[in-house]
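Got some structures for you, see below.
In what follows, chain A forms one complex with chain B and a second complex with chain C.
Presenting the complex of A and B:
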C-alpha cells in the first residue's frame, strides 16, 4: 500500500534515509543539499531513527568517516553537492577501491568557478571515473525509488560498490512534487538486512584495509574493482524489475519516451526530461516522430542497450549539462557516439550543452533542437557538431 | 602470485602483518652498525625507528633487521649513548 505525498527532492532523500534507517550518516551540509542533512539530524534528534549522525568538519572528513563506518560493517549514507563532492574526490576513489557499499545522494550543482549554487551536472560528471555507480533521477518519485534500489544494488554480494543517486539542484531538490512512498515495513522488507563482510571491528577475523599496493598487485586490484561495476549492470536490472513487481514502478537502464517508433530522439538525464516529454507530446500532435531516451544509469554505462535503442533513429541530439572541457563534446555525447560506432547503420548525432549554472531550458529550446534534427535529416548537413542551448552569442538560436 | 580473481575483495589483507614478507632493506644506501659495547640499552632507537627494524631479544637491543631497515639514520642521530652506539656506514662496504 503506497501513500501519495507532497515533498521537495531534499525531503524525499531524507524520507528514504528515514525508512532505510542506516547505521551511520556522516555529512557536512552544502547548498542545495543542506536540507537533506538538516532533516536527517532532526530525525535523529527526534528518535525516529537510531542512526549515528556524525557532523564532520568538511566533506573530505564526512566521506572518510563514512568509509571507516562502512569498513566497520555499517550501512552508511551521506549527501552533498558540487564543491562538497569535489572535496570528497580523493575519498571517492578510496571508497570504491575498498569495495565498500554506501549511498551518496548528490544534489547536482555547478562546480565553481565562477561561483554558483544552481543546478548542472558538472559535479557528478566530473566524478564519473571514480568507480561509483551513478543513478540519475528525473523527479521526486525517481529520487525515492533510486534511493531504495541503491541499497540493494550497492550491498549486493557481487557488487559491493558505492552508489551516487543524483537529482537536479533546486529544480528537483527544492521544488515541491507529488510522489508515492511505501510503508516503512515494506521498505524494510525490500531492502533486507545488511550483510557485513570483512569488518574491521571483527577481532576474530582481523583484516587490513587500505594497505599499500605496488606493481605486484595494484593493477590486479583495479581490474577486480571493475568487476563490481560490470556485475552491477545485471543487478541494477534485476533489482529494477523486482522493485516493479513489489511496488508497481519498474526501472531499467533508461526510460524510452515515445522512442520505439521515433525518428528524432533527444538523450538527456534528470529534470530536463520532464520538459522534453511535454514538447514531444506537442510535436507528436503535429505529426513529428519525436522521442526521448532518458538515461538513468550513467555508470556502469549501458552502451549496448543504448546503441540498440538509438540505431534506428534518423538523427539524435545528446544533451549534456556540463562543459565539454576541451573534449570532443560532453561526456554523455562522447559515450553515446562511441557506443554507436560498432553499429552498421548509425543515426546522425549532435551535441548540445545546456543549463550550465542553472540556465533555463524551456520548451522553445527543446523545440529548436527537434527542428534542427529535422533540418539535418532533410539536408544531410550538420553545421555544428557541438552547440550550446540558450547561450547569448551572435548567430545562436536565442 | 595470485590473479585478480583470486584476490580478497577491495584490496584487503587477511593475513594481517604480512609486511614482514615485504623486503625493503634493498632500498638502503647506508646501514646502521650496532656497537654493543657502547650501548646503554636506553631503547631510544626502538622508539624512533620508523620501520620497527631494531631487534630486541631478552629485553636487550641486539642489532638491526636489515631486511626492513631502510637506512634513514634516525636511530644513529637519536642514540643517547656517548659515544654513540650506532654508526652509519656506506652500504657497499657490506
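Presenting the complex of A and C:
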C-alpha cells in the first residue's frame, strides 16, 4: 500500500534513509543537502533508526569513515553536494576499487569557483569516472525510488559497487513535491537483509584491505573493477523491473517521453525533464513531433540502448548542465555523440550548456531548442555545435 | 604489568617477510604495542612506509584485520569501522566473544601534517580507538622530506644544507600537547627503546574507554643516516637528552616516566646521526645552542605541568 505524501527532496532522501535504516551514516553538512543530515540526526536522537551517525569533521573524513564502516560489513549511507563531493574525490575511487556497497545522495550544486550554492551537475559530472554507479532523479518520486533501488543494486553480489543518487539542488531538494511512499515493512522486504562479505570485523577470517598493487597487478584489478561496473547494467535493469512489479513504478536506464515516434528529441537529466515534458505537450498539439529522452543511469553508460532509441530521430539536442572545460561540448553530449557513431544512420546532433550555477531554464528556452532542431532539419545546417541557453552574453540565446 | 617472556609468547600479528628496512622502528614499536593486548585488534593504517612495506600484493604481513585507504584519513577510517562495530553489536547483528579493539597507525606525515584534521575529529568524537603515531621525523616513504615533526636543524631533501640555510629552520611541532588539549582519557609519548614503558602505555591505551593517543619516536636508520643496529641506542639518547621525554597524561594528570639522572647535552643526540652532521661544524655552533635552549625550555615546561594536580583527583 503506497501513501501519497508531500515532501521536499531532502526530506525524501531522509525518509528513504529512515526506511532503509542503515547501520552507519557518516556525513558532513553542506548546502543544499544539509537538511538530509539534520533529518537523520533527528531520527537518531528520537531512536527511530538503529544507525550510528558519525558526524565527521569533513567530507573527506565522512567518506573515509563510510569506507571503514562498509568494510565492517553493514549498510552505509552518506549525503553531500558540490565542494563536499569534490573533497571526497580521492576517496570516491578508493571506495569503488574496494568494491564496497554504499549509497551517497548528491544534491547537485555548482562547483566553485566562483562560489555558488545553486544547482548544476558539475559536481557529479566531475565524479563520473570514479567507478560509482550514478542514478539521476527528475523529482521527489524518483529520488525516493532511486534510493530504494540503489540499495539492491549496490549490494548485489555481482555488483558490490557504491551508488550515487543525484537530485537537483534547490529545485528538487528544497521544493515541495508530492510522491508515493511505501510502507516500512514493504521497503524492508524489497531491500532485504545486508549480505556481509569479507568483513574487517571478522577477527577469525582475517582480511587485508587496500594492499599496494604495483605494475604487476594494478591493471588487472582495475580491469576487473571496470567489468564489474559494466555488468551492473543488467542488475540495474532487473532491479528496476522488480521495483515495478512490487510497487507499480518501473524503471529502466532512461525514460522516453513521446520519444517513439518523435522526430526532434532532447536528452536531459534531472529536474529539467519536467519543463521539457510540458513544452513537448504544447508542441505536440501544434503538430510538432517532439520527444524527450530523460537519462536516469549515467554510469554505467547505456550507450547501445541510447543509440537504439535516438538513431531514428531527425535532430537531437543534448542538454548538459555542466561545462567541460576545453572539451568538445558537455559530457552527456560527448558520450551520446560517440554512442551514435557506429549507427549507419545518425540524427543531427547539437549540444546546449544550460543552468550553470542555478540559472533558470524556462519553457521558452526549451521551445527555442526545438525550433532550432527543426531549422537544422530544414536547412541541413548546424550553426553552433555547442551553444549556451539563457546566457547573458554575446553568443548565447537569451 | 606483563613480563617480557610472556609478551614474547603472544601470537605475532605482524609477521616477518615484510619489506621494512633493517632496524626500522615501526615494526619494533607496533609488535611491542600489539603484544600487550589479548583481544582482537582491527587496524587502519595511513599511507607510508609501514603500509607499503607490509602489504605488497599478493602478500600481507598482517595476521589481524587491517585496512589502508589513503594517507590523511587513518583516524577517520578507523572511526567508521568502530562505529560499524558499535552499531552491529548494539543491534545484536554480531556477538563477539571478546571486545574488539581498534587501532589507527600513521607516520608523522599522516599524523602531524596531512592527517591532523582527521585525527582531531576522531579524537573529539570520542571513538574507542588507540591512535599510534609512529614518528620518524620526516616523510621517509618518499625519500626523506621535512615534516612538522622534523627537528630544528635537521637535513632533509626539502630542508637541505646550503650556503645560507643549514637544514630545517623551525622547531618541531609538539603534537602530544595538541592531543592533550583534546581532553581525551589517555595520551603518552614513548619509544621502542624502552619496551617496558611502551608496553605499559600501550596496555593502558587499550584499556581506556574512548580515544587514546600514543606518540612513538620511531628510528629511521635510512634517513637518520645511522648504522641500523644502533637504532634503539640512539633512540635512548633522545630520552637521555630530554629531546623526546617519556611521559603520559592520564585524565589530565601528567606523569614523567623517565628522568635521566644525568641529562646529556643535545650534541650527544646529534653526533651519531648523519642528518645532523653539519650542525657539529664550528660555524653552526649557534644552531646547536638554539636547539639546546628549546629542548631545555620544553623540558622545564613539561616538569612544571607534571607538578600540576587536577582538581577532584
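The definition used in the following text is that the second predicted complex is superposed on the first by the 396 of 398 C-alpha atoms of A that agree within 3 Å, B and C clash if a C-alpha of one lies under 4 Å from a C-alpha of the other, contacts with A are read in each partner's own complex, and residues count from 1 in each chain.
Please note the rule applied: contacts are C-beta pairs under 8 Å (C-beta built on N, C-alpha and C of every residue); 3 or more make two chains touch, one makes a residue touch a chain.
Small disclaimer: the values here were computed from a predicted structure and weren't measured.
Touch criterion not met for A:131: it reaches neither chain B nor chain C. Comparing chain B with chain C, more residues of chain A are touched by C. In the superposition on chain A, A:220 makes contact with chain B only, not with chain C. In the superposition on chain A, contact is made by A:211 with both chain B and chain C. Once the two complexes are overlaid on the shared chain, A:99 sits against chain B while remaining clear of chain C. In the superposition on chain A, contact of A:60 is made with chain C only, not with chain B. Using the contact criterion defined above for the overlaid structures, shared-chain residue A:160 touches chain B, although it does not reach chain C.
When the two complexes are overlaid on their common chain A, residue A:201 makes contact with chain C while staying clear of chain B.
Taken together, the two complexes place residues 98, 206-211, 213, 217 of chain A in contact with chain B and also with chain C. Of all residues in chain A, only 97-100, 160, 197-198, 205-211, 213, 216-217, 219-221, 223-225, 227 touch chain B in the complex they form. Residues 1-5, 7-14, 16 of chain B are the ones touching chain A in the complex. Contact residues of chain A toward chain C in the complex are 23-24, 26, 50-52, 54-58, 60-62, 64-74, 76, 90-91, 94, 98, 200-203, 206-214, 217. Across the interface of their complex, chain A is touched by residues 40, 42, 44, 51-52, 55-60, 62-70, 72-73, 75-88, 90-91, 93-94, 96, 100, 117-118, 120-122, 124-125 of chain C.
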